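Below are structures written as structure tokens.
Look at the two complexes coming up: chain A is in both, with chain B in one and chain C in the other.
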Partner chain A sequence: MEVLRNALDFSDFPRVDLCVAALVASFLLIFPLFHFSSFAMATMIQFLMFSLYGMGWNTIGGYGGQVDLGKAQYVGIGAYTTSVMLIRWDVPFWVSMPVGMSFAVLWSFIIGYPLFRLKGHYFAIATIATSLVLKDLFEVWDFVGAARGLEISPIKYHPPDFLRLIFKEDVYYYYVILGFFFLGIFYVNWFRKSRLGFQLRSIKDNEDVARSLGINVHWAKVKTYAIATAFVSLVGSFHACYIKNIEPEDTMSLDISILIALMAMLGGAGSLWGPIIGAGVLIPLKSYLKEWLGAKAGLVGIDLIIYAVIIMLISAVEPRGIWGIVEKARRRRSV
Partner chain B sequence: MKRYGMTLMVVFGILALMGLLMPSPAPAARVVKIGVIYPLTGGAAAAGRELRAGAELAAEIANGVMADLPMTMAKNSGIKSLGGAKIKLIFKDHEGNPTLGADLAKKLILDDKVDGILGCYHSSVTKTVSAVCEQYGVPMINGTSTSPALTKRGFKWFWRTTPHDRWFTKDLFELLKGLTEGKVRGVKAVPKKDIINLASACEKTEWGSHVSRLIEGLAKEYGFKLRKSLLYAAKAADLSSEVRSLKAARPDVMLFASYTSDAILMVKTLKAQKANPKIIWGQDAGFEKPEFRNTLGGDIVGILTRTVFLPKVVEIKAIAGKVNALYKKKTGNDLGGASARAFTGLQTWVHVLEKAGSTKPADIQKAANSIKIPGKELVVPWAGIKFSTSGEELGQNVLGSGLIGQYQKGKDGKVGLEIVYPFDVSSADMIFPFPGY
Partner chain C sequence: MTLLEVQALTKEFGGLRANCDISFNVHQGEMVGIIGPNGAGKTTLFNCISGLYPVTSGRIIFAGRDITRLKAHEVARLGLARTFQVYAATGDLTVEENVMVGCFLRTRSRSQAMARAKQILYDLKLEDLSHYRVSELPVAAQKRVTMATALGLDPKLLLLDEVAAGLNPNEVEEVMANIKHVHSDLGITVMLIEHVMEMVMKISHRIVVLDYGEKIAEGDPQSIAKDPRVIKAYLGERYVREHGGELSPSS
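Right, the complex of A and B next:
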């Protein structure tokens, strides 16, 4: 009960934050009623997926200060578990998703335990390496389709299939991922106020001091890494049903790992809203720049240039991301 | 009041009659929208430019009248059976990303309301896009993706005009066999033991990994020894360890399946490490792009590539020469395997629409399943286009065929492709062995 109360208690945020959050939440709930284009719907689903990825990354990367650039391996574990179980044994999503999360958490313990002996850049590089090694293994593993990957056949299942999460209309996927999105917010809200959350922040500030206070630094990091992993794996399982085709190059690429970290960092690592703001800015920006300018004759590639320049500008103005800019403005106002 | 009502009725009656007798204004020319999804940025951007230009040229020919071009679609302005409806192409850039490809397909179908889709070059992207089309019952014609698996899924809304990699890879082994039998123009029979050891390096997505498997299977079937088979990332910035590994296997024949930037990097690395096999063969894609030839110049003399179109085809097919001239005027380059197949893909769309006489998906499906385009209409040297409607390969064109070309220096000093296979249409003596670096 205490956990639930903590998860639902946002009273430590300023009222204006809560008003904006309530407005955004209401908009998200009624978004499909506006009947925007299917492209807008696909963009919103991407936004929600990357918000969740970012929320997971934020626990270890934001609150814990451990820059993890290997999250794509857990996207892959979730996506592959769901696809393999569905294609080979017709296991519904709601069963395969927690199984995928369990595999991912198990793998995170195996990887995380030795990896957290490393610090700073060495840790970041090691996470990239483990992710790439796992991707290479999947590329030669015939059981999971090797480099060709797995396809959930659109002619085998009859949508709407709520058990297997096979739908024709994106609106169903939207509400499923929106449900996970709200659960994710409540979970991170509980996490930041939990014992582990406080331990992590003290580790981020000064590891030696944290250790002197009796915190088992290594174990706290490993546990949080597992939590982050569970988030990412869940979205990976969803991704498999949504796209219906997974292959290592697409699902487990370094680009995904970097994008996940980028969303959270650019939005504001270590804050509840940061990853959501990051995904809310970067995903529509990328999608719509591509839509407006992407395939125009003579302007091919201009969308990517503009996208990169905006990222550079935000990073140059405030390294703590967009949330950092908001907080800076607030402080200036109060002074 | 009664009289007033009567007058009104008479007036309206006359107006209604006038309406019936007056000739109705000519309906605005209809437009048939085709969504075209190609890689316009990223590692395959060079191919994307070619594909786009090929499809655009076909649309220009279909929408106008070119009396001197012996092609049915050049005779009419637009689609005749649809009242002269013009083809409108809506391009999208998938960057080689299958997830993005699926999103773009949904956008084209649901927002832009396209009548059909053409694309996508990368087999991995074609896989996700065709799955979306299948789900929405929207016809898709694919002209350039060659993974055999694409037509083995039993899809009813997917048709592929290009031959696939099993045919192409078989051509390679037929060429090797021909070498041992003395069938290759300008080369005496080579003892099999001199070319028996093979090594392959293929990019590791859907397409490359399939080619790798095919090489493995066909090597066994034809009695060759595959001493090394590796997969690599097409985005890799360095391929030196891959080349070292290939060299260590001491192969007589090196086989590659690469996109543009990695094909260039691979040949540069082969040169840097002084690799010296007797044959280097590329599975089309990067190995026959203008960028490959322009960047590497003389270093590619002796390299073989499979393709479906070479400028030399112009000498054996007049229609190809005419279209090539138009393409060269538009882009400055000759037609290549990618552009010629993109052209043929859109040409097939025009023929299907003409036969369907409607843009209803069911009519298009019926037309595609019964169409037969004769080879004389095509720029590619195929017997024609006819889609399989039963058996394992649903929607596959059964009349396609491939070519193998070799880069050679012409009399003008320029490096270009000469046909060495099929043997009966070879345009020059084959350079054997590879001159080395």
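Right, the complex of A and C next:
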């Protein structure tokens, strides 16, 4: 009961925040009624997916301060579990998604347990390495289609198929991921106020102090890493049904890992709204660049340059991202 | 009853002996001061007792249990809390949230942790500061917040590392009132490292003196103030001239 109340209680935010949040939420709810282009719809779905990736990343990376650059491996585990189970055994999404999540969480414990003995940059690099190793493994594993990947052919099903999450129109996908998006916000809203959330912020600040306050630092990190993983794996499963065509090179690439971390950091690591703001800025930008600039002028790779610039800006101007700037301005006004 | 036994504790960093064969006991309900010049090994001693540093040799018994090899978080759970010399508190969090981090050791429930934190802040006369971010507060207040956070663990023994350092006389008075409250009203045994002699001589029942990693003296404040080795190593002649003869725990 207390858990539910904390998840639904946003009263510690200023009223402005809540008004803006309500406006955004209403807009998201009615967005499909405007019948924008299919490009806009696809961009919105990407935005919601990446918001969720970012929310997951934010638990360990933001609140816990452990920069994780290997989230793509868990996108892959979720996406592959759902694809394989659907294609081979016709298992619906609502079963394969929790199964994939369990695999991902299990893998996160196997990876996280030794990795969290490392600190700072060593940890970040190790997460990249494990993710790349898993990707390479999937590229040679025939059972999951090796480098060709897996394809879900929609003709075998009768859309709209709510069990398998096979739809013709994107609007269905939109509302499914929007549902997860809201659940994700409620979860993180609970998390940040929970014991684990408090422990992580103490750990981020000073690990020795955290230890002397009775916090099992290593275990708290491993647990939170698993929570972050669950988010990412869920969206990975969704991604499989939505895109219907997954291959290691796309789904598990380093780009995805970097983008997830970058978005959360740009928006504001360690804040509830940060990852959403980050995704709201970067995803449209990325889509636009890819759609127009990339195709027109052959400027492939310009997005990477932009990411690099963003990283430099964040670290030089405001490590707490866009949300950090908002909070600073606010505090200055109130003083 | 003996709450803490330190037996022949030695801690080496490479070739440097920061603690050398130190032994002493702390009884339930006592207030024990640790003094000594900078670099004497006082903080290192706290780090060993609280489990942050593995000891080189020796044993530490707390509440009848051998805690020598336990990790810091396990030691804390047994009821041994501490503050840090340089570290203040988590700057991003409010005062109340900082104290809640400590309280969360004994409960999973946010509302219980919050209620406990409010009580502690009230007891330490810090409730007016509850909703300030720690980073917005002066150092003196931050130090008192770290004490409040440590109390959240519901400790049997509290180790305070220079909580009065760098404070003005008024602030020292406030901190001293807090320590007295913790000791007499809450019945928590206290060990404090302190350079502010007026304070440590006044409130300690017993004092342990360290110099170059060794325990050079131990006893009640009067005999410590007269001990020639302590005067030579630490107190200096001036202190004894000004305060000699009139020292007692109750004055």
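By definition in this document, the second predicted complex is superposed on the first by the 306 of 335 C-alpha atoms of A that agree within 3 Å, B and C clash if a C-alpha of one lies under 4 Å from a C-alpha of the other, contacts with A are read in each partner's own complex, and residues count from 1 in each chain.
Keep this in mind: a residue touches a chain if its C-beta (ideal position, glycine included) is under 8 Å from a C-beta of that chain, and two chains touch if they have at least 3 such contacts.
Being a predicted model, the structure only gives us computed values, none of them experimental.
J.: Touching A:2, do we find chain B (first), chain C (second), both, or neither?
T.: second
J.: Applying the touch criterion given at the start, work out whether A:201 contacts chain B, chain C, both or neither, answering first, second, both or neither.
T.: Only chain C; A:201 stays clear of chain B.
J.: First (chain B), second (chain C), both or neither: which does A:37 touch?
T.: After superposing on A, A:37 lies in contact with chain B but is clear of chain C.
J.: So, does A:154 touch the first partner chain B, the second partner chain C, both, or neither?
T.: first
J.: With the two structures laid over each other on chain A, which partner does A:315 touch: chain B (first), chain C (second), both, or neither?
T.: neither
J.: So which one touches more of the residues on chain A, chain B or chain C?
T.: B
J.: Tell me which partner A:214 touches in the superposition: chain B (first), chain C (second), both or neither.
T.: A:214 contacts chain C only, not chain B.
J.: Considering only touches as defined above, state whether A:130 meets chain B (first), chain C (second), both or neither.
T.: Neither chain B nor chain C is touched by A:130.
J.: Would you tell me the residues on chain A in contact with chain B in one complex that are also in contact with chain C in the other?
T.: Correct list for chain A: none, the interfaces share no residue.
J.: Which residues of chain C touch chain A in their complex?
T.: 50-52, 71-73, 76-77, 81-82, 84, 87, 90-93, 97, 100-102, 104-105, 107-111, 113, 149-150, 152-153
J.: Show which residues of chain A lie in contact with chain B when the two form their complex.
T.: Interface residues on the chain A side: 37-39, 42, 46, 139-140, 146-149, 151, 153-155, 159, 168, 170, 239, 243-245, 247-250, 290-291, 294-295, 297, 300-301, 304.
J.: Flag every residue of chain B that touches chain A in the complex, lowest number first.
T.: The contact residues of chain B facing chain A are 40-41, 45, 48-49, 52, 91-93, 97-99, 102-103, 106-107, 109-111, 124, 127-128, 131-132, 134-136, 147, 149, 153-156, 204-206, 208-210, 231, 233.
J.: Residues of chain A touching chain C in their complex?
T.: Touching chain C from chain A are residues 2, 6, 193-195, 198-199, 201-202, 205-206, 208-209, 211-217, 270.
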